[in-house]
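In what comes next, subunit A is part of two complexes: it sits with subunit B in the first one and with subunit C in the second one.
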Partner chain A sequence: MSIQEQYRSRAKELLREGTVKMVIGYGAGTTPLRRRPIFITSPDDADRLVLDAACRTNLAGYLLREGLLADQKSVAVFLTPDGVRTINILAAESQLATEQVIVLGFQIDGENARQLEGTRVADFSGIIAERKKKRKEQPSHEVARKLEQMTSVERFSFWEGEFSRCIKCYACRAACPMCWCRRCVVDNNQPQWVNTSSHTLGNLEWNLVRAFHLAGRCVECGNCSEACPVNIPLHLLNRRMTEEVLTAFDYYPGADEHQEPVLASFRKDDPETFIL
Partner chain B sequence: MSEPFEPKIVAFVCTYCTYAGADLAGTSRLKYPPNVRIVRLPCTGRISPMFILKAFQKGADGVLVSGCHPGDCHFDHGNYHARRRWTAFNALLQFTGVPEERVKFSWISAAEGIKFAELIESITEEIRTAGPFEQYHKLIAETGSAASV
Partner chain C sequence: MAKIGVFVCHCGENIAAKVDCTKLVAAMESHPGVAIAHEYKYFCSEPGQESIKKAVTGHGLTGVIVAACSPRMHEATFRTACAEAGLNPYLCEIANIREQCSWVHSDGEQATRKAIEITRSLVEKVKRNNELQPIEVPVTRRALVIGGGIAGIQAALDIANAGGDVVLVEREASLGGHMAQLSETFPTLDCSQCIMTPRMVEAARHPKIRLLTYSEIEKVEGFIGNFNVTVRQKARYVDMNLCTGCGECIIKCPAKKISGEFDCGLANRTAIYTPFAQAVPNKPVIDSGHCIYFKNGKCKACQRVCPTGAINFDMEDELVELEIGAIVVATGFQVQNTALYGEYGYGRYPDVLTGLQFERLASASGPTGGKIQRPSDGKEPETIVFIQCAGSRDPSKGIPYCSKICCMYTAKHAMLYHHKNHDGNSRIFYMDIRAAGKGYDEFTRRAIEEDGAGYVRGRVSKLWQENGKLMVRGADTLLGRPVEVAADMVVLATAMVPQSDSKELGKTLGIGYDEYGFFNEAHLKLRPVETATAGIFLAGACQSPKDIPDSVAQASACASKVLALFSREKLEREPVIAQNNEATCSGCWGCVLACPYNAIEKKDLTDRAGNLIRRVASVNAGLCQGCGTCVTFCRSNSIDLAGFTEKQIFAEVMGL
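This part shows the complex of A and B:
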């Protein structure tokens, strides 16, 4: 039985016995290589589920749709280990209760989707600990390394060029499972922190704020870069923040559901190399 | 003939330590450059990165953020939180090409009037040498609003 068949029957089973009221998974998209999120509530529809190497979107954010979890019933979601980390962070930030989430875990290895054992987020703590180790050894992105070698003027020009293309559509915000604020700081107009027009200045400010608000929260799922219509390398900013909290505070977001957010906690011996 | 460049520096300081330190510098008749505009806040924990961006948006050439030494916070741990925030934000600013000399962080206690005066002296000189923050000012000009602090 293929992994897809296996997960279809698991979804069907969960819905039939009433363990979950909904399964959030991937369905066929508009082209053969595209997948789109589907929301299944009846066992008969489980055959629409698709699971293969093209399933790359992090679906965790859909759990925060207004009222979805308000009735205390459970929902099953297709999640990679990074998706599980997302759930852990959302739980740590009191946005959901992990008891209501059934994980249909999978991992993409090259061209294949592979099954991951476990049904609750806590079952994946071993895998996540492994990923933390790997992340520490992972070299920084090729472009990031080039940027680090530039002078600050060149670096500024690079980002100026990138951000000048931004049209402030906020697709990055809409796609990000971590952007759950009901009122985003850029929508504030008293005071108006960030220029609303899509001049490069306002774009720069927006992208800095977005990256900063994801410091120690981003799981590097890539939803934002994927959603960006003008291909700004948003992942570079996010990765830089991830590396900073990892090296400075040994912090890897989403390790478990009780992990304190990195910017809402501190240690008295935190490093402070740059403070005069 | 154009006037010589005078840097505009915005200092976000906490009221219990650095502001009191600045006060001490004043009452001690210590001389420091008048290029700094001080914004007093209850605690460094109150200083959002948005403040720094806002200062640059309004045409500042440099920003100083300063508060109580670790362990001295009036609210016990506001500066510890601030320190983590600055670590992340400072890394982000440098990664996007805001030069190191444009944003400075420091701990200055209420007793350190001399340190305050000397620090303002040194960062003003540093920014005077670096010149106006042209790259940022260009972006401000694009929006059609005149920069002013």
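This part shows the complex of A and C:
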């Protein structure tokens, strides 16, 4: 049985048994290389599910749709390890309870989707620990390396150039599973800290505020860059923040559901290198 | 409509010499919302304050800006003046054009421009200020004293004798600290234990003092008048209620070869032990690290011999929760580890000692009963070399400061040696003799003139062993020639350093410390016993090197500060507290975690039928200290700080 068939029948089973009220997965998209999220509530529809190497979107954020989890019933979601980390973060930030989440875990290896064992987020802690180790050793991305080698002035003008294209559509915010605030700071106009019009200063304000708000939270799923209509490599900024937090605090976001948010917690052995 | 009054102070020459105050006044007069702008030589003076009050009532001002020195100096002065004129004090703000402007710039024109910007931004803020009412909080009349050395004991006794409750926490098994280890004390040469033990006993017996020995601070929460402290009482394995202190167990304990801390390694102790004969409380503890039973499960000799059945190997650490109004930190110091000075041979040659070890040798309660003998062979030394500043005043070894007590105790050591061995020969290598204090210079003179202390001005460069002697080579810088002394014993006046874990404690308490780990006072000259954290005070050598008179004086000063606090029914607190917008809060609890005062609670939002809709953050006004940590954390800007609201800060920034 192909992996897609296996997952379809698992989804069917979960819905038929009533273990979950909904399965959030991938369906056919507008082109063979695109997948779109689908929300299955009846076992008969499970055959619309697709699982292949094109399933790249992190679906965890859909769990936070207002009221979805309010009835305490469970929902199954297709998740990569980074998706599982997302659930851990959302749980740590009290946005959902992991008991309500059944994981349909998979991983993309080159051209293929591979099955991952486990049904509860806690079952994936080994895989996540492994990823953290790898992340530490990972050589920098090519563009990231180029950015590292720039002087701070060059880097700033690189980002200024990138952000100047931003049209303030907030697609990155809509796509990011971590952007769940009931009211985003940019929508606060009393006072209007972040300028709404899409000029260089306002754009910088917006994109830097978002990067700060993701420090120690971003799982590097890439939803933001995928969503951006003007192709700003947003993930590179968040990537850098992830590295900072990893080296300074040995903190890998989403390691488990009890992890304290790095910027809100204080430990006596935190490095204080920034205090002069 | 806003009617703001701007009062530009010259501060004598301090501001006016740099900032063109007339120009500043003119700029403010034309700023929208400003009703009047005045300048004056000293607004903090009586007539200065009067003129502000008159302007408030005369012009019906809705806000006041005093452009003057730092708000730390006179914010209270001017706010009180406004309140007396009927204006809510929180409608008065200080524009700091002295510390942040005139004092730090050389170009007058630019300084004036900056002063205008600073003042204008405050005008914009004050237009959006709201009336606030101070918050009243109760005071718990119980003090926590951390550290049971002379400083801690003195502070505890002074507070208790005035009727305050005290909890005295000492981490060792007995009270006493370093003073209990000393032989005789400069400048009067009274026996340290004779003057110390009555204090220890008094503290232990005092009905107002609760003594927690063998205990450490685990957690501190809350704020002035209302701290919640958790103390960990370490397992003693001896039931204090049953033990009579007979000491049978100590005699029977087979683990006898443990280097004794109290005698600085000059004598051994057993695994169950009382630190010293006059210990308070005089009941033993089991050192589980060395106890044979804890190591391999067999022994219990002490348990078998104990007549009252006081020994209990199953005892566990206990956590004691305390409600506390004020905290006195008196955790003292440590003598520096001499490993730093390889050239002085400490640890390699048994007859090279620290000053503290010499105290034990000279002490009647010490391992030799007060005879000065060499640890290596028990012989009385014929020549002793004392080396001062062994560690202190040496930036290359990381201690640029003066330990303050070593000149004095070295003179004392030479004296004690001479009193006990009239033919003894003492040589003291020193940099300077620092003997400032009542009776101190007289004391060192006496050491030189009557007790034969031989001072050599210079440093020791090398020390080695030869034919059973310790050869000391140094320079006599007054005579400009090298000297070599064949000594039988060498005593190093090692530096006084902070407790090795003082920074940890500082973080637990939320008080500052310097680069070495000595705790920081709020102001070195004017507030030497307070810390920057309200309600926490410092006594003794934990703040800086100190001798006994200084430690005791500071401890009594602490007690008076604590008692002043306890004399009040209620404390008035600034109403600068956080408030949450429940409509936009997502209940992530980041603020709950970030708040250092545990002031944020989770609140249920329910519909009319009582069904839970959401949970949101809610600030407990009694606990919030207005630090603003939550405000910076909240990504949705749901939390705001009264007196420093987002709107006010934004206006202030945009006013620049």
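We take it that the second predicted complex is superposed on the first by the 275 of 276 C-alpha atoms of A that agree within 3 Å, B and C clash if a C-alpha of one lies under 4 Å from a C-alpha of the other, contacts with A are read in each partner's own complex, and residues count from 1 in each chain.
Methods note: contacts are C-beta pairs under 8 Å (C-beta built on N, C-alpha and C of every residue); 3 or more make two chains touch, one makes a residue touch a chain.
In this text the structure is predicted, and so the values were computed from the model without any measurement.
Student: A:193 contacts which: subunit B (first), subunit C (second), both, neither?
Tutor: Once the two structures are laid over each other on A, A:193 reaches both partners.
Student: Considering only the touch criterion stated at the top, classify A:182 as touching first (subunit B), second (subunit C), both, or neither.
Tutor: In the superposition, A:182 contacts subunit C only.
Student: Give one of first, second, both or neither to describe whether A:201 is in contact with subunit B, with subunit C, with both, or with none.
Tutor: In the superposition, A:201 contacts subunit B only.
Student: Report for A:99: first if it touches subunit B alone, second if subunit C alone, otherwise both or neither.
Tutor: In the superposition, A:99 contacts neither subunit B nor subunit C.
Student: Who touches more of subunit A, subunit B or subunit C?
Tutor: Touching more of subunit A: B.
Student: Going by the contact rule set out at the top, does A:263 touch subunit B (first), subunit C (second), both, or neither?
Tutor: After superposition on chain A, A:263 lies in contact with both partners, subunit B and subunit C.
Student: Pick one for A:158: touches subunit B only (first), subunit C only (second), both, or neither.
Tutor: A:158: touches subunit B, not subunit C.
Student: Jot down the residues of subunit A that show up as touching in both complexes, subunit B in one and subunit C in the other.
Tutor: Residues 185, 191, 193, 263-266, 268, which sit in both footprints.
Student: Any idea which subunit B residues touch subunit A in the complex?
Tutor: Interface residues on the subunit B side: 49-50, 53-54, 57, 70-71, 77, 80-81, 83-100, 104-107, 119, 135-136, 139-140, 142-143.
Student: Over in the complex, which subunit A residues touch subunit B? Could you list them?
Tutor: Touch list, subunit A to subunit B: 144, 147-148, 150, 152-160, 185, 191, 193-195, 197, 199-202, 204-205, 208-209, 211-212, 215-216, 237, 240-241, 244-245, 248-249, 262-268, 270-272, 274-276.
Student: Which residues of subunit C touch subunit A in the complex?
Tutor: Of all residues in subunit C, those touching subunit A are 504, 507-508, 583-591, 593-594, 596, 615, 633, 635-638, 646-647, 650-651.
Student: Give every residue of subunit A touching subunit C within the complex, in rising order.
Tutor: Touching subunit C: residues 93-95, 180-185, 188, 190-193, 213, 260-261, 263-266, 268 of subunit A.
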